[in-house]
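Below, chain A partners chain B and then partners chain C, in two separate complexes.
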Partner chain A sequence: MNSFLAIIGRELRIGFADLHRVVTPISFFAVVLVLMPLGLGPSPQLLAKVAPGLVWVVALLAILISADRLFGDDMKEGSLPQLMTLSLALPWVVLAKMLAWWLMAMVPLAVIAPILGMMLGLSTEAAVITFLTLLIGGLGLCLVGGISAALTLSTGAGGALVALIALPLYVPILIFGSAAVEAASLGLAVKPYVLILLAFDFLAVPLAPVAAAAALRIAIDD
Partner chain B sequence: MLFSDLNLSAKGGELIKIEGPNGSGKTTLLNVIAGLTRRYEGELTISGRTAPNILYLSHALGFSERLNVIDNLRFIAKLRHIDLSGVERAIDRVGLTLVEHQPLKNLSAGQRRRVGLALLALDKAPVILLDEPFTAIDKDGVQLVNTLISERLEQGAMVFITHHQDLMLPHRVLSLSDYQVEVIDE
Partner chain C sequence: MDWTWFHRWGSPPWFVKNVTPWLKWLLLLAGLMLVVGSCWGLLIAPEEAKQGNSARIIYIHVPAAFISLAGYYTMAIAGAIGLIWRMKIAFWVMRSVAPIGAAMTAIALITGAIWGKPTWGTYWVWDARITSMTILLFLYLGVIALINAYRDVDNGYRAGAILGLVGTINIPIIYKSVDWWYTLHQPATLKLTEDSPIHPDILYPLLWMIASFYLLFAALMLANTCRHILLSESNKRWVRQWYEEGK
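Moving on to the complex of A and B:
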């Protein structure tokens, strides 16, 4: 457990030592949402209608921006082989890195999303659900994004390839996440959507690190 | 097939130099011993265990460029269950006290290599793999590497090192050519 926490601590320390890693997804998210009314027009009805989907789509793309750095720097610096010689199994190392990524990228997004959502016309209830679903669904995005980042590591292609692999797996999270916010803004029940997002996390937490670790082993073996 | 008919047994306190031209498979052999590659047939056991505690100082070292010297070493020490109180002593020993709060990206290649040497001074793993440890090291550093290896051998560690003429300690030689073992000199 100490090693697991040490890896999370290290990732956070690196994130704060290299601030643009943390700031880039947040600033992308904020800038796109702030510019959206300029592109769509100032109609409050229109903005309130598209806000749930918009917030979720932009959050998803913001996370993808930082995905290929999850393992890329470690591979370049040789940390991954070093971590593989430890007694801690590689899937635990991978899970620690994914959780740290979630803490650094997704939690700040979830915090500012309700404010930006309300600016687009979301109700207070919908804004609260936006925060909650981005926290829960965001974990799934980070776990799936981690598999994609690990799979593309040995290709050196990163970027577009990470998105191409991750996007189909992101679709269910996107659908249920934005549907929860939409339901909250219409005053409907959100619990079923939140439970589905939680179920996705419960599946992804044990499976995604194993899949990503297998992909990393192949990348290092190459 | 890599390394066909490679049969090597070594015991604690033994230093084995792996030598050969570029591309002959020296680093690949270290990766096999470290368990980083599974592309081999046969069996690898160290002290009867298939996954022993190994310290591997590869060419890339494995430290974060953005973290400072002390944070990098504390992190590895925590993960390897080493007493953290020895970190500063190890840094002092390799002559990095003045730059211990500098991120690695600000250090010279030789200083970065010395961070790896601090880990060698700190760690008590029974098997040590050193990939070109003399690279970018100055004269004092060469002496330091030899001293640190000698200490670890006295403590019973088994050390594998890729070739370098600066190695001053008695050793066995494993000579590779094009991923084939040529000579095992006793």
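Moving on to the complex of A and C:
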């Protein structure tokens, strides 16, 4: 447990030492959402209608931007093999890295998303649900994105391949996440969607690190 | 239990030598069944009462959709066998199924669009089943792209197998989407346990076509597996011997 926390601490120290790692996904998220009224037209009715889906889709893309740094930096500087020889089993190491990624990329994004959502015309309740679902669903995004990052690590194919692999797997999270925000803006019950997102997390927390660890072993071989 | 049969199937030379002799007969049989089924469905089976002749596209659409899902299962299971028992044959099967499954998914989508225009009045709607089938196509493309992105083929196969297994979480969603979200696509009408609401005159040629598509799938899969084996073992002595014997 101590080394698990130590890895999370290490990731956070590296992440905040190199601040643009934290700022880039959020800036990307904000700038793409700002482009939307320019592309779709500034009609408040239209923007309020598409806001739940927009916020979620752009969040998926924003999180993928930082996905290849998750293992890429450790691979480049050679600390990945070191992490693999720890007494802590590799899936635990991977889970720690994914959790740290969630804390650094997804939590700040979930914090600014309601503000941008309200600028697009979401109601206060819908904005609160945006924060909540991005927090809960975002964990799933980081876990699944971590598998994709590990699978593509040694290919050198970069972001496009990560996106092609991860985005189809993001479909269930996108459906229930945006449906929750949509329901909140219509004043309907939100709880079922939030529970399904939580269920996805409970499924992904034990399984995704195992898959990502297996993928990392392949990447080290390659 | 005697497990030697299992190990024999894991040997590339044994596989190629024992599959290729009857492969052309299997392809021929699948082709014949497809011709017979097409004639039965297009010429003999009665016209659908409300949709007229356009409904005859189901004889292609439904079997292709069956194979697109069965292909994904085959790919994922073959990948799992390859990862667990380190059988190279399983990886070649996985690799050879992927493009076939992708093609069948594309056929199901295209025939559905062609049928949708006269019946629903539109080529495309963002209905649950159609959208999830499109996602299935991207799952296939992702697996193929990932395998090809690796410099080392064996590592590519292992990575592809992991992605295939992770992707199976989407398959039940695709499979049940027509029952869970009743949008435009009709719910499943072919059921194992109950009588189908389809009239036997249409049902029997449809089942015949599904059987033919499965046979075609099996034949293409075996042919493509042999192709991949021969490509990657092309510098081995047994391939040369096999080739000389064949001449």
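Odds and ends about this structure:
To be clear about the criterion, the second predicted complex is superposed on the first by the 222 of 222 C-alpha atoms of A that agree within 3 Å, B and C clash if a C-alpha of one lies under 4 Å from a C-alpha of the other, contacts with A are read in each partner's own complex, and residues count from 1 in each chain.
Heads up, the rule we're going with is that a residue touches a chain if its C-beta (ideal position, glycine included) is under 8 Å from a C-beta of that chain, and two chains touch if they have at least 3 such contacts.
Bear in mind the structure is a predicted one, so any value in this text is a computation, not a measurement.
Contact with chain C, but none with chain B, is seen for A:S154 once the two complexes are overlaid on the shared chain.
Judged by the touch definition given at the top, the superposed model places A:A215 against chain C, while chain B stays out of reach. Of the two partner chains, neither chain B nor chain C is touched by A:A127. When the two complexes are overlaid on their common chain A, residue A:P168 makes contact with chain C while staying clear of chain B. Residue contacts after overlaying the shared chain place A:S87 against chain B, while chain C stays out of touching range. Contact with neither chain B nor chain C is seen for A:L139 once the two complexes are overlaid on the shared chain. For the contact definition in use here, the residues of chain A common to its chain B contact set and its chain C contact set are 221. Touching chain B in their complex are the following residues of chain A: 2-3, 6-7, 9-10, 13-14, 17-18, 73, 76-88, 217, 220-221.
Residue ranges of chain A in contact with chain C, taken from their complex: 144, 147, 151-152, 154-157, 161, 164-165, 167-169, 171-172, 211, 214-215, 218-219, 221-222. Those residues of chain B whose C-beta lies close enough to touch chain A in the complex are 31, 34-39, 53-56, 58-67, 71, 75-76, 78-81, 103.
Within the complex, the chain C residues that touch chain A are 83, 132, 135, 138-139, 141-142, 145-146, 149-152, 155, 158-159, 162-163, 165-167, 169-170, 173.
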